[in-house]
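Before anything else, here's the structure in question.
Residue numbering begins at 1 within each chain, and the chains themselves are lettered A, B, C and D in the order written.
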Amino acid sequence: MIVVMSPNATQEDLVNVVKKLESMNLRTHLSKGDERTIVGVIGDKKIIANLEMEMMAGVEKTVRITEKYKLVSRDFHPQDTVIDVDGVKIGGNEIVVMAGPCAVEGLEQLREAAQAVKKAGAKILRGGAYKPRTSPYDFQGLGVEGLKLLRQVADEFDMKVVTEIVDREDIEVMENYADILQVGARNMQNFQMLKALGKSKKPVMLKRGLSATISEWLNAAEYIMAGGNENVMFCERGIRTYETFTRNTLDLSAVAAIKELSHLPIVVDPSHGTGRRPMVAPMSRAAIAAGADALIIEVHPHPEKALSDGNQSLKPEDFQKLMENLGEIAKAVGKTI
Amino acid sequence: MIVVMSPNATQEDLVNVVKKLESMNLRTHLSKGDERTIVGVIGDKKIIANLEMEMMAGVEKTVRITEKYKLVSRDFHPQDTVIDVDGVKIGGNEIVVMAGPCAVEGLEQLREAAQAVKKAGAKILRGGAYKPRTSPYDFQGLGVEGLKLLRQVADEFDMKVVTEIVDREDIEVMENYADILQVGARNMQNFQMLKALGKSKKPVMLKRGLSATISEWLNAAEYIMAGGNENVMFCERGIRTYETFTRNTLDLSAVAAIKELSHLPIVVDPSHGTGRRPMVAPMSRAAIAAGADALIIEVHPHPEKALSDGNQSLKPEDFQKLMENLGEIAKAVGKTI
Amino acid sequence: MIVVMSPNATQEDLVNVVKKLESMNLRTHLSKGDERTIVGVIGDKKIIANLEMEMMAGVEKTVRITEKYKLVSRDFHPQDTVIDVDGVKIGGNEIVVMAGPCAVEGLEQLREAAQAVKKAGAKILRGGAYKPRTSPYDFQGLGVEGLKLLRQVADEFDMKVVTEIVDREDIEVMENYADILQVGARNMQNFQMLKALGKSKKPVMLKRGLSATISEWLNAAEYIMAGGNENVMFCERGIRTYETFTRNTLDLSAVAAIKELSHLPIVVDPSHGTGRRPMVAPMSRAAIAAGADALIIEVHPHPEKALSDGNQSLKPEDFQKLMENLGEIAKAVGKTI
Amino acid sequence: MIVVMSPNATQEDLVNVVKKLESMNLRTHLSKGDERTIVGVIGDKKIIANLEMEMMAGVEKTVRITEKYKLVSRDFHPQDTVIDVDGVKIGGNEIVVMAGPCAVEGLEQLREAAQAVKKAGAKILRGGAYKPRTSPYDFQGLGVEGLKLLRQVADEFDMKVVTEIVDREDIEVMENYADILQVGARNMQNFQMLKALGKSKKPVMLKRGLSATISEWLNAAEYIMAGGNENVMFCERGIRTYETFTRNTLDLSAVAAIKELSHLPIVVDPSHGTGRRPMVAPMSRAAIAAGADALIIEVHPHPEKALSDGNQSLKPEDFQKLMENLGEIAKAVGKTI
């Protein structure tokens, strides 16, 4: 940490700052410029992490040099992490595609969707059993019944299941039916749930919060890893900006950022990320070109009848066509699909 | 709802759209313009709320006319709601001030803070027992021990307690110690917790999410009211924007927006809203001038020693001075403090 | 400036960084932490301002300590600047109100508006002769004809004129008719125009760009002052955020920020800042409570017939009522109106 | 346009609204719902474009159905426009790469850069002669001298020149030296300059404003086309969001949006779009995969000595490597490079 003294700070102010730091067993280095003195602070990172110096007389501001997260950082774990989801590997040389309807609506719908996406090459079945909805009057999902359908249909087609968890009390029951527990954007900083997921044996897919910085996102993953669960993957799903043409602004530079800062895999969700069906294919291609490890795509056998998010769901035939094209992009970045 | 057909829509597309709507017992009105036909949709609001028409052939887009929330809306409840917090009334003619430290750190700190803020005119003691922190390595609060201290000290000074709830499992224990349960920005769309708070007898203060729209915020309150708890107040605490000089951008026009759209009271938090001590006083004045019903302000007896948010906490003497000034602003808008 | 070396930087990298800095006659101070070395850079501010160190091997990032602006800064000019607009003083103890229609539409409209706002207490007449409009097919203003009407009507009612300049070629003609030249949000970083305004004798009102940071705004004012024109006032008019209920998000904390960082006056525009007529009054009150020196408000004698921005314009009778109320708020912050 | 009446509107309000619309030769269609009446407005688009109805008694809000731009719209011009830049075609099957330094610093630097980028496959030389800089004390470019160097060096290597115009007075001189006139983000809504560029014979590259919506961007291009210049290309260069890890947030979904809404070509600038050298390559790949027609990339022979933006400039050897890789991505989307 660096403490920047104000131009009007007195010698006494400076002495007090140094004294306070030394009383906490931290070392200091002074740089006296023409207008300001700058104090470099060196020592135990945990003590520095909790320092609050800006209230002291003569202090203009402080600048943190190091991030607080550690386990998720590539600095501490240079090689890529590959997560084994019951045989399906995420983070390696093969791009994995998760697909299925936004919400589980019934056996027939789910089976039809699963059959189509499996045939096109998807390995993981997605579908919401618990749906976080803006309005209390919107369809809230089938709950445990939906989980059971997901498991049944996934097994039928030899697929894995990813589905969203919205309450830490549900972890146990979800572990019985799902292979990946998805933390939604609205819960990215539901810290109690993150801590509880740190004790789970299941891989966690952590979606980026609606307006989460890269740093906050990495720290959220740190909560899970600090609890002991090392199988965390990120999922970029668009951030909130002033633009209204798209539902969210899909931030593909986040893929490059995560690859630079962390060893964990990253998934991209072009369906929620854009909210517009015609954009799903180009953004899927772009995500792979940017370095994503996996995609999660909404596919509904009859999107015009969907109970939620119909206008961002692909039809099976569009998904099939997209998958055929993605192989070439994957090849261009040295991967397979 | 209005369905806008695309310029290329065929007569058959239009017939299909009308058929689908009529099959759901909705009525339609067609307006044929030079380029586009527009279909007005009339009927049961709940059915309309769940309509997904954008996947149908020939449909360009749909425009929703009405919001989904109802109980929180001023349309359905024109007069202002006044919430009685065990004798302290929020939403009426008297502006209520909640004050205290960001986090409860110990008996002495809390007592010193409470004494100071009570003397200056605050009626409600604030302080976090459970702290949602970006990093797992930051101070997470004293937990139940903190709740007990809050109750003890508030009773000593004849004050009420407002404190944050971070897990729906804590509702019962918190009801024993707190008078207002605060939902933090990160949990504004933790819908399971909102539903559970709908069953609580305690007033709830719902902070605006970091990037929540006014509409999402009202819908989040609707979750609580739909559960049966009518004592909900909003709290504007700054939104996330591109600006970095302030910690958040305090959106005081949200005060006017809430007053226009809802009958529920609104509190303003200038401490988190700006993150800078010198801004707390001007923004407190502005909040009252804009029509806020209450303020929640961080005051720490020794901000330079605070375990969190020291640089946005007022010292007791600054808080005292601010309170003296606020009376004049209150008077200018026809209120007292 | 501080140069933060990466954890993997070699001793040679560090030596090269120091050599480069010393070759530019800058001095360095090293702080060696457990993981990183930090290099403090001291010396001529102009040289430091143009330093680009992040491309050098071993450099993780750089942190700038000081802002580049100087003439606008309160550090260099502690006392408030009061701008004398031909007898009307902005930045002093009296709050000045500028009012009038969005666009000059004709003599009758302007005269009716001027009469009403003058009677209610406004001292400066606003009105656009050149209108920057999103679409080329929107009404673009009356041009020089509008300027002449503004001057004529202002003189009739003993008022001053503020109006927007959209092209640096217009400076000379505008100086003949206007008392304050307004730089609109879309031109805040039209640097050629700012430089030219630095040579003008007329006061300039610099509106904040749609997504300008406080720092960029101050630097834009620095362009004008660096040219020799010391009469610059800021105007907060709302920033662009994700919120759509209001046209922009009026950032009243910017008032406090400008007062802290600069000696120049600040005006608030609640009409464009909210885009909604019912919000103009509460936001005007809040602006004064936050410390604004002046307000600029849209008033149209017949807003339902306005050629632009009718839905944010006050009617004369509403403006009259607002002005009566503002006096009490002004008094509460020790000012008059 | 649709006029939504408020639930409290009287029959008289409705009659007045209809009368006003009919007095302007517009036709109306009423849809009476349970709570609200909705008025569909049909007729001359130009008249509707300028309607301001929200001030009328009983009107809750209005909803515009159609955008105002026309010439840039794919609706009116379904096939892709290919711009011929003196033999280099942008918008067709071949992806064009523009490359060179951020600012022209001198003959040697420019020649070294041009040689490198030409060899790697770039066809257009970029470089700023006029630099819009946040601070007046930053390097402002070499001006006409820089233009001459650009022309000279481009001719030497058989390249075309793209460079930024910052003042409409410079159009004539720039036309003598440049092949594409670039409008920077800060001038996207400098409408006087856009109008003047409508009269130019040179192709224009219109960068997206820092916080411009897709709709505003299309309307800005409409200004140029409405003046008679049909050779307009868009350039996505990142938008301003809350994220600070990257300099801007590169919005690649804008590529898909422009392709859907317009027939004009789109260029992507991954250098300014991210501000970080290691992200330029993955974002270049992603841009092509998303459907971009061209890229503009900063390359500096010695980025550690650059006078601006060194930390986002590629070294020649990195650019060479990138170009080799881009061919495979282009092939995967059916194009060449």
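The criterion applied here is as follows: contacts are C-beta pairs under 8 Å (C-beta built on N, C-alpha and C of every residue); 3 or more make two chains touch, one makes a residue touch a chain.
Because the structure is a prediction, the values reported are computed rather than measured.
> Could you run down the chains that neighbour subunit A and subunit B together?
Under the touch definition, subunit A and subunit B have C, D as mutual neighbours.
> Answer with same or different: of all residue numbers used at the interface between subunit B and subunit C, are over half used by both copies?
Answer same: the two copies use largely identical residue numbers here.
> Among the chains, which has its CA centre at the largest distance from subunit B's?
D
> Express in whole angstrom the distance between the two chain centres, defined as the mean CA positions of subunit A and subunit C.
38
> Please tell me the distance, in whole Å, between the geometric centres of subunit A and subunit D computed from their C-alpha atoms.
Subunit A and subunit D have C-alpha centres separated by 30 Å.
> Counting in whole Å, what is the centre-to-centre distance of subunit C and subunit D, each centre being its mean C-alpha position?
Going by mean C-alpha positions, subunit C sits 26 Å from subunit D.
> So which stretches of subunit A touch two or more other chains?
In subunit A, 211, 215, 240-242, 244 touch at least two other chains.
> Which residues of subunit B touch subunit A once you look at their complex with the stated criterion?
46, 49-50, 52-56, 68-69, 132-139, 166-169, 186-187, 189-192, 195, 209-211, 215-216, 219, 222-223, 226, 240, 277, 303-311, 313
> Within the complex, which stretch of subunit D touches subunit B?
Interface residues on the subunit D side: 2, 4, 7, 29-36, 38, 40, 42-43, 45, 63, 65-66, 75, 211, 240-242, 244.
> Sort out for me which residues of subunit D touch subunit A in the complex.
By the definition above, subunit D touches subunit A via 211, 213-215, 239, 241-246, 249-253, 255-257, 259-260, 273-274, 278-279, 282-283, 285-291, 325, 328-329, 331-333.
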